Structures are given as structure tokens and as C-alpha cells.
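Here chain A shows up in two complexes: once beside chain B, once beside chain C.
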Partner chain A sequence: MAILELNDVHSYYGNIHALKGISLNVEKGEIVTLIGSNGAGKTTTLRTIQGLIRPRTGSITLEGEELTRLPAHEVNRRGICQSPEGRLIFPRMTVLENLEMGAFTRTDHSNIGQDLERVFGLFPRLKERVKQKGGTLSGGEQQMLAMARAMMGNPRLLLLDEPSMGLAPLLVETIFDTIVALNKQGITILLVEQNARMALSIANRGYVLQTGEIRLQGDAARLRDDEEVQKTYLGGH
Partner chain B sequence: MKQKILSNAEIIGILLMGFVALITGGWSVIILVILTGALVGVNTPAEPGAWRKALVPGVISAVAIVLITLFHNTVILGLPRQEPIPAASTSPLVYIGSIVLGTAMAVGVAALRTASNERVRRFGLIGLLLVCAVAFPFFEQYAQLFWANAIIVAMIFSMQALGLNIVAGYAGMLDLGYVAFFAIGGYTIAFLNSPQFNLQVWFWLVIWIAAAAAALFGLILGAPVIPLRGDYLAIVTLGFGEIVPIVFRNLNEIRILEPVTNMIAALTGNPSAAICLIGCIEPFNLTNGTDGINPIGRPILPGVQFVTGQYIPWYFLILGLLITSVFFISRLRNSRIGRAWVAIREDELAANSMGINLVRTKLIAFMLGAMFSGLAGAFYGSYVSFISPDAFDFSISVIVLCMVILGGTGSIVGVILGGFIIKVTDLLLLDKLQVVMGGLLQATLFQGIDNQGMQNFLESLFNASQYKLLLFGIILVTMMQFRPQGLVPSTSERKA
Partner chain C sequence: MTETNPTTQRALRILLIVAIGYLALLIGQPAGLDVGRIITDVATTPTNVLQQLVIGLANGSIIVIIALGYTLVYGIIELVNFAHGEVFMLGAFTSLMALSIFTTTTATGGLTAPFWAALLGFIPAMLVCGLLNAGIERLAYRRLRNSPKLAVLISAIGMSFILQNIGLQFGALGKLTQVGPEFQIFQVLGSNNAAPKSFPVVLSTANLLGDFPIRITQADVLVMGTALVLMLTLNWFVQNTRLGKAMRATAQNRDAAAMMGINVDQIIALTFLIGGALAGAAGMMFGLYNGTVVFTMGFTAGLRSFTAAVLGGIGNIRGAALGGILIGLLAAFSDQYLAVRWTNAWVFLILVLVLLFRPTGLLGQESGDKA
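For the complex of A and B:
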């Protein structure tokens, strides 16, 4: 059974019809990527899953459990953690306090220390800066912190919103290596990216979004070779 | 680089304390040198041997305060219309003692802050503060300073500011109608413990009823409003703060008719058809309108008399309450809910995705803030023994907000400091300044003016008390421009 399933989801910003019937699914252990240009509805899809936007129609289920009408804090409690777009770390909290906020709703307090070690293993840079304020970190470090913070919630499904945004190419590669490493540890990931080439190179499957609708879907390798995808999103000729 | 003898903060501190010395004089010199000394000690960089570095600035500042006091005692007291000071306070021994005391304070505070023993460092300053706080009212009484009333009211307002600090400082919500909860607390004790309804509910129960009533109104107001964003919340609370005193003003002639029969009566033109529910024989008087309610019941403790004019029991009661509040709020700040507040203030969306229930968490902050305000209102009502709608106008909301911003949003020490500075200025210093200004006018300008009307005009023109709100406005603007984090920034505001 799919971990996450969206069935004909329609979301609106006021009167603007932002998602026009999105259906997608994420299987356990996969990396699935949502690609598309600006305004295609990628972030809106993630926010709808997270419960920050309420869909007008359609259903969202997590391992069969209905999430559609739940508020965001309840969705988080059910094991969907997000590293939001633009990072949105807590700038005046230290790195450690940020990570502790990630584990805010957890009730298994004895395992948190262990997870902290695991996160520091993945992001050694954060361990060096554990007492530093979040706002004083570099862009790449803030991205790592946002991902690490989401990991501290011990998620069943990790949502990553544009982790490569505004980062230097070398750092982008580090971030993507980490995503692969996370996935190898058994974490299911739904990845939203503008950098389609990188996203498709690490994902199992992908969905191409265009103006609120799913345009194409399939294996990441097949999408990479698709002529239309190449022309529109990969800058090929 | 050339080492400056006095830091900027010390210079500003000495100037302000010096100004207080200039208009008060007499025994106040002892308190002022202690405060200035403490300021110097706190300002000395916390490194080994700090007490040696505090020595020279300590002596300089103490001497400065003493010289200014000397000026007051000799020159200003020579002006007409001045209040006399006790003769004992002008003995040379007092001046020398003040210099020694101020220097000792500066050195002592610096030494305590850098003590190698962890426990001395942690409890030394608190102990020193407690000793000063306990000694103050007895000294004040001996020295006939008449400061106790201002200090007690300052403590009540500091407690209120601590509550607003939860709402505005921790959870980041701008509440412009905070006075409403103060009024609800005050009126609750006025209803339950005064001749108004001939009720004498036990004082220690009433204050908790008052706090609970304020919290309940916080819930009723907050529940529909808190999902709104910043500006809208400010506007709605502003309205609430305006409405509550007006309601209390107008609930003095209540007569409620049953609506259906009332409508029939109006339609048929037969007023006697309306069935009366409340206030039938004569209108029901709930709040006594603009005349207010008095006398309000006093605290009951075996062996202690709480009466007007006897300040020492009040002082210790309110001091204990303030210390309890500080303890409670600092525990709250580091608790789970405290961290959730800070996360919301930092980034609402991120906090929401971390699993924090925004509405519930903010509502708790709002209710706790209201509760502190209600508690402060109940004590205030009991202390002044008189409540009227005029005591709760919009300016109170602004002044309490001003205390929070001046002291440092989110900082407990800062907020209390802000409360003291503003209330002591309001109740004490402006009056003293007015006396000095009046004397100055009498001795100079009035010599050449015979016209009584002109004299009155000049007198009111230089009346410092009426520039109170202007002064607070200037404080707000200046702080926002030069030190938005406040006098004592909270730890999260300090640089990493």
C-alpha cells in the first residue's frame, strides 16, 4: 500500500484555482519528485499535504488514514515532517533549540537523543555549530538545519521543498547526496525541486506539474529521457 | 586604543540618577548611590579582576551623585516653596558615607558577578538585591522620603507588564487593550468585597476569582480574534480596551424588559404590557457609574493591618507577589509551552509545521497575560480601595506597553525595570520636578511679573506632570530608533 495517496485534490487561494485535480502516490522507501516551473503548484501541493492549506475537494491519505481535513499540527503528529521552502528556520534559536523544536510533538523522549546523534552524523557541520543562532548560519547550513529539524520529528514521510534553492552548485550536490543517504536509511521522501536534472537523477519516480495539473508521470529515468521534459525543464535541445 | 574611564551606559546612568538627585536631595542620596553603584558594577566587563576595574568608575559616579545632592541641599532648597529635608541628612558624614557606600556597591557587584564560586555568582546578586529590597521600606520611613506609594504602584504595574510580556514578548501578539483585564480584575474585587452589594468574600479567594474572571474574558475575547493576524488583533484588542471601561461606566442604571412583550408594548403603545425582568422598582446599579466603588476590602493577615498610609505591609505583600510572578513566569518561559511561544513568534508557518497548535498556544498566552493583569487589577483596587472607570483609560494600555518596550521585550528583568522607571517617573519624579520648577519660577521670572494670570499661565506651562504622555511618547520613539531590543535585552535578542 502506498504511504501517501492524493486523489483528485483541488486547492484554492481565495478564488484562484491552484491545484486542479492532483492525484499522486508515494510508496514506502521511495524518493518521489515533483518538478515543474514557477507557479506550477509544487509548493501548494506540499502545503496541502501538510494541512497548511485545506483542499476544497479530493482526499489525502497516509497509509490509509484520512488526512484531508486535519489541521497542520495534527498532520505533523501523524508523521509527516516538512523542510519548508525558503528554509524558515527559527533565526534567534540556537541550532540545538531548532532541532529540539523539530521533535516538539514526539512522545518517545528516550529516542530523541539517539536521533540527534543520527542527524549530527548526517550533518557534521551542524554539530560544530550547535550553540550558534540559526540566523547566523550560511544559506547551505540553514538548509541542512531545516532538513535536520524535519528529521528530528522521526517522520514516516519527509517532505522537502526546494532544498537546492539559492545554494552554490557544490553545496547542491552535498544536499542531494544527503537526501540519498537519508533514503538509504529507510526514509520515504517527497521532493519538490526546480532543479529537475538533479531531482530526477536521485528519484525513483517523478511527476511533472504544470499550472496545477499533472502533465507527465513515470519512472525518473524515463522522464529524464522524455523529449518534452528535456526541452522544457532540462534545458536540452 | 584609549580606554574610556566611563562607558556610555554609565554616563547616561549617572546623568539620569544625577537628575533625580537634583530634584530630590536629602536622604535619597543613599538610594541613588546604591543604584548608580549597582549600575557600574553590572556594566563592568565580566572578567577576572573586574572589581578593580569597577573601583575608579564607582568612586567617580558616587562623588558625582553626592555633589549634585549637595547642590540640591544648599542651592535648590534656598528657592521658595521647597519641601524641607531632615536636618540629619545634610551632615558631612552622610556625604562621605554615600561615597563609600556607592563605591562598595560598584566593587561588590562586580566582584560577585565574577566570583569563581558558581553558587556565589548565582545567588550573590539575588541575595544583595533581596537585602536592598527588604531594607528599603524601613529606610524610606526613617528618611521621610515618601517614595513607598510610588514603589508599590510601580510593583503592581510591573506585574501587569510581566503579563503583557507573555502576550507581546513571548508569543509576539500586540495587545493594545490590555487595560480591559486590569479593569475586570479591579471590578471583580469591587463587586465581591465592598459595600456595593454588601459582600465580604474572603480576600485571598477574591483575588483568584478576579484572576479567573480576567482569564475567562481573555478566552472569550481571544477565541474569535486570535486566528487573525497581527494588525487585526491589535485593532480588536484596542476596541475591547475602549469598550470595557465604558461598559463599567454605563452599568449604573440597568433595567431589562422581556423582549417579546416589550415589542408588543411598543407596537400597541401600552408600556405597561412589557414584562420587566431586572431593575423593576428602581434601576439596578451594578457599577455605580463614574462615581466608582469604595471602600474595597483589604487583605487579611493575622497580626498585620493593611490600611491606607501604612505602607510597609503593602510593600512586602506586593513584593512577595512580584517575586512569585517572576519565578512562575521564568519557569513558564523555559517550559514546553514557552518554547512553543518563541517558535510562533519566530516563524508561525514553521512552528505550525513542527506540530504546534497555533490557536491553542496563542490562546493560552493571551489568557495567562489576562490573568496577570486581572490579579494586578485586584491588588490595585484593594490598595487604593477605590475603583472608577476613569482609572482604566486607554493610556494605561499604552503605558504598560511602553514599560515592556523600554525594558526589553521578552526580558523579565527588563520589563520590571521598565515598569519601575516609568511608574516612579510618573508618580514621583514629575511631581518633584514640578516643585523645583515652581520654586525656580518664583525666584526668577515672577520677580518681574505682577500679573497673577500671567504667573498662573507660566506655572502651568512649566508644569512637568502634564507633559507625562509626551515624555512616554519620546521614550518610545527614542528606544525604537536607538535600542529596539530595550534596556535589558532578552537572552534570545543578544548577539550569538
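For the complex of A and C:
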């Protein structure tokens, strides 16, 4: 059974019809990517899954359990953690406090220390800066912190929104390597990216969004070879 | 905005400050700003300066505790809770009622209550005001959370009118004493709704320093001590506890906090609860220190505390502490050396000047997440 399933989801920003019937699914252990240009509805899809936007119609289920009308904090408690667009780290809290907030709802306190070591293993840079305030980190470090913070929630499904945004190419490589490493540890990932080439190179499957609708879907390798995708999102050749 | 070079800008600013200073000297005369008299006063009784320092610190402590309520709420939802001063006023009334249970009439006809009753009285005052403030949020602010800020602000002003009228009508309960002896606890309210109510005498007015020309009474020590304990407790709570951290996270980024599984509505309610409880404690402190409470006192206290919060940097807990002490001192020295009836005008002037020249306050704003 799919871990996450969206069925004909419609979301609005005020009167703007932002998602026009999104249906998608994510299977356990997969990396699934949502690609598309600015304003296609990628972030809106993640915000709707998270419960920050309430869909007008349609349903969202997590392993069969209905999430559609739940507020964001309840969605988090059911195991969906997000590294959001723009990172949204807590700028006046230390790196350690940011990570603690990631584990806010957990009751298995004995495992939290272990997970902390795990994210420090993935992001050694953060360990060096535990006592530093989040707002004083560089862009790349903030991105690492946002991902590490989401990891601290021990998610069943990890949502990553534009983890490569605004980062130097070398850092982008590191971030994508980490995403693959996370996936190898058994974490299911839904990845939103503008950097379609990178996203499709690590994903199992992909969806192409255009103005709030799913335009194409399928195996990442097949999408990469698709003529239309190449022309529009991979900059031709 | 036209581009001017920084030197011109600085020159203009200095000129503006000089002009304001000149105007202050000119029109300050009727407002008590008589430099000659002030020099004579200070020269003849220099101990008065220290005395006002003590009074200013004590009143400043009360202002700090109220200002914390403004600053906590502003920090988390960027709302100036105009009803906060009235919550403080109702806190003073609750304190008065809590004390009235233990109030006895002395041989000379005055009202008195034991010291432990005053300490015990903090509990109902803080509880009632905490719940009241959280109730106000639930009733008047929560459903406006996604409306323009002006809507919430107007709602807050409306709430303050309602609360002030509750304070006025509350005084009418004093009439119940005419119904029967079982209503004796209402005798502290007197027979006139609107008149100031006297707090029973709880603390000795003797000078703890003996014959020393500067008076420090039990009330001074109690008020400053309580304020210190409350401030340190709040600071510890916000810095170290799980809920305190959730409060900070919510203040810094509400969406991110919700993504972490923090129930943002609950945290906002908790913030109002804490702010209200502090206002309730301040009500008791005010009553014990100043001896009388009146239903209009929320306005003055609110103005001074709000100014204190803005002066220190609204949203910033340490800023509220600094601003509160400074405003308390300003008020005390203005009362002594300028003129009592102009003190609020000076406080207002500070508010205007801070908003004009340094809107982030002395220690900087800490609210919102624009980083």
C-alpha cells in the first residue's frame, strides 16, 4: 500500500485555484520528486499535505489514515516531517534547540539522543555549531539544519521543499548525496525541486506539475528522456 | 524617498533634536520644567533624589511586570493587546477581594489584613487574570488571526472598554453590605461604584533603615522582590522548558512551529495565560504599594507599560525589564521635580520619540521572523 496518497486534491489561496485535482502516491522506501516551474503548485502541494492549507475537496491519506482535515501539528504527529521552502529555521534559537524542536512531539526520549548523533553524522558541520544561533548560519548550513530538524521527528515520510535553492553547485551535490543517504537508511522522501535534472537523477519516480495540474508522471529515467520535459525543464540540448 | 547623503541626514537629525530640546525648554515651563527650581530643590534636599530612586524602582518593577504581558503577546502574534491594562486593573480588584476575606476592622476604624493573606492573594489574582486574558484571546482575537492587523487592534480596544466597565460595575457590589452581614467581604468596595477603593493595610510603613533620611519600607522590598522572582521565573521558563521553547519557536515562525507538531493555538493561549497571570500579580503589587485602586487605573498603567515595552524593544523580554525600570524612574522624578499632572505627558513624549527615532527600542525588536 502506498504510504502517501493524494486523490483529486483541490486547494485555493483565497480565490485563486492553486491545485486543480492533484492525484499522486508515494510508496514506502521511494524517492518521488515533484518538478515544475515557478508557480506550478509544488510548494502548495506540500503545504496541503502538511495541513497548512486545507484542501477544498479531495482526500489525502497516510497509510490509509485520513489526513485531509487535520491541522499541521496533527499531521506532524502522524509522521510527516518537512524541510520547508525558505528553510524556516528558528533564527534566534541555537542549532541544538532547533533540532530539539524537530523532536518536539516525540515520546521515545531514549531514541532522541541516538537520532541526534545520526543527523550529526550526516551533517558534521552542524555538530561544530550546536551552540550557534540558527540565524547566524550560512545558507547551506541553514538548509542542512532544516533537513536535520525534519529528520529529528523520525518521519515516516520526509517532505523536502527546494533543498537546493540558493546554494552553490558544490553544496547542491552534497545535499543531494545526503538525500540519497537518507533514503538508503529507509526513509521515504517526497522531493520538490526546480533543479529537475538533479531531482530526476536520484528519484525513483517523478511528477511534472504545470499550473496546478499533473502534466506527466512516471519513472524518473523515462521522464528524463521525455522530449517535452527536456525542452521545458532540463533546458534542451 | 529622495536620496540625501548621510552627513546631511545626520545634520538634519541633530538639528531636529536641538529644535525639540529648545521647544521642550520653551513650553516645558508650564509643565513644571523650571530648571532654577529643580536646582534649588536638589541642593536643599539631596536625599530626595535617592528617595525618588527607590520609589521609581518600586513603581518601575510593577511597570515591568505589566510590560512583560504586552511584550510576550506582541512577540507571538504581533498584536498590541490594548485590553492588557484593564486586565491589570481587574487583577487589582481581584486582589482586593481576595484580601477582603481576611480583612478586619481596627480600633481606629481602618481596614487591615495579615501579611500571609497578601502573599496568598497573589494566587487567585494570577489565576483569575490568566484565565481572563486567555479567554479574551479565545473570544476576541483568535477568530481574527488571519484578518488584517487593524481588525484585531480594534477588537482589543473594544475589549478594553468592556473590561473597564466591568471594573466600574464591580464597585457596585459594595452595596451588598447593606443587604446583610453575610456580605461583609464587600465592605472593602465602599458605597460608591466609581470611587477609588482602599486596600486594607497589610504592610508596615516603618522605615527599614531606621532614622536614615531615605525610607525603604516593607512594600518597597516586597514589590521589587516579587518582580525579580517573577522575571527570573519567566526567563527560566521561556529559555529552558519544553513549552517555553515552543513559545519562542512559535514567535519566531508560526508555520515552522506547526510543522514541528507544536499546537500553535494552544501556545498562543498559554502566552496570554502567562501575560494575564503577570498582570494579576502586578495588580496585587500595585494595591499593596499604592494603597488604592480605581477602575480607571488600567489606562495609565497600560500607557506606561506599553511605552516601557516599546522603549526596551517590543517583543523582547529583557527590553521590557529595562524599559519598565526607566519609565518608573522617569515617572518618579517627574512627579517630584516637574509636575505630577504632566507625568503622563512626558511618558507619551518618550513613546512618540522612540517610535520616531528608534522604533526597534533600546535592545532591539525580537518578534517575527524576517531573517
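In this text, the second predicted complex is superposed on the first by the 236 of 237 C-alpha atoms of A that agree within 3 Å, B and C clash if a C-alpha of one lies under 4 Å from a C-alpha of the other, contacts with A are read in each partner's own complex, and residues count from 1 in each chain.
The criterion applied here is as follows: a residue touches a chain if its C-beta (ideal position, glycine included) is under 8 Å from a C-beta of that chain, and two chains touch if they have at least 3 such contacts.
Note that the coordinates shown come from a computational prediction; the quantities given were computed from them, not determined experimentally.
Asks: When the two structures are superposed on chain A, do chain B and chain C clash or fit side by side?
Replies: Aligned through their shared chain, the two binders clash on chain A.
Asks: Applying the document's definition of touch, where does A:97 land relative to chain B and chain C: first, second, both, or neither?
Replies: both
Asks: So, does A:71 touch the first partner chain B, the second partner chain C, both, or neither?
Replies: Touch status of A:71: both partners.
Asks: When the two structures are overlaid on chain A, which partner does A:105 contact: first (chain B), second (chain C), both, or neither?
Replies: both
Asks: Is A:114 touching anything from chain B or chain C once the two structures are fitted on A? First, second, both or neither.
Replies: Touch partners of A:114: none, neither chain B nor chain C.
Asks: Tell me which partner A:89 touches in the superposition: chain B (first), chain C (second), both or neither.
Replies: In the superposed model, A:89 contacts both chain B and chain C.
Asks: Could you tell me which stretches of chain A are touched by chain B in one complex and by chain C in the other?
Replies: Touching chain B and chain C on chain A: residues 50, 52, 71-73, 76-77, 81-82, 84, 88-93, 97, 100-102, 104-105, 149, 153.
Asks: Quick check: in the complex, which residue numbers of chain C touch chain A?
Replies: 242, 245-246, 248-249, 252-253, 255-264, 366, 369, 371
Asks: Within their complex, state which residues of chain B touch chain A.
Replies: Residues of chain B touching chain A: 336, 339-340, 342-343, 346-347, 349-358, 492-493, 496.
Asks: Tell me, which parts of chain A touch chain B in their complex?
Replies: 50, 52, 71-73, 76-77, 81-82, 84, 88-94, 97, 100-102, 104-105, 131-133, 136, 149, 153
Asks: Provide the residue numbers of chain A that touch chain C in the complex, in ascending order.
Replies: For this pair, the touching residues of chain A are 50-52, 71-73, 76-77, 81-82, 84, 88-93, 97, 100-102, 104-105, 135, 149, 153.
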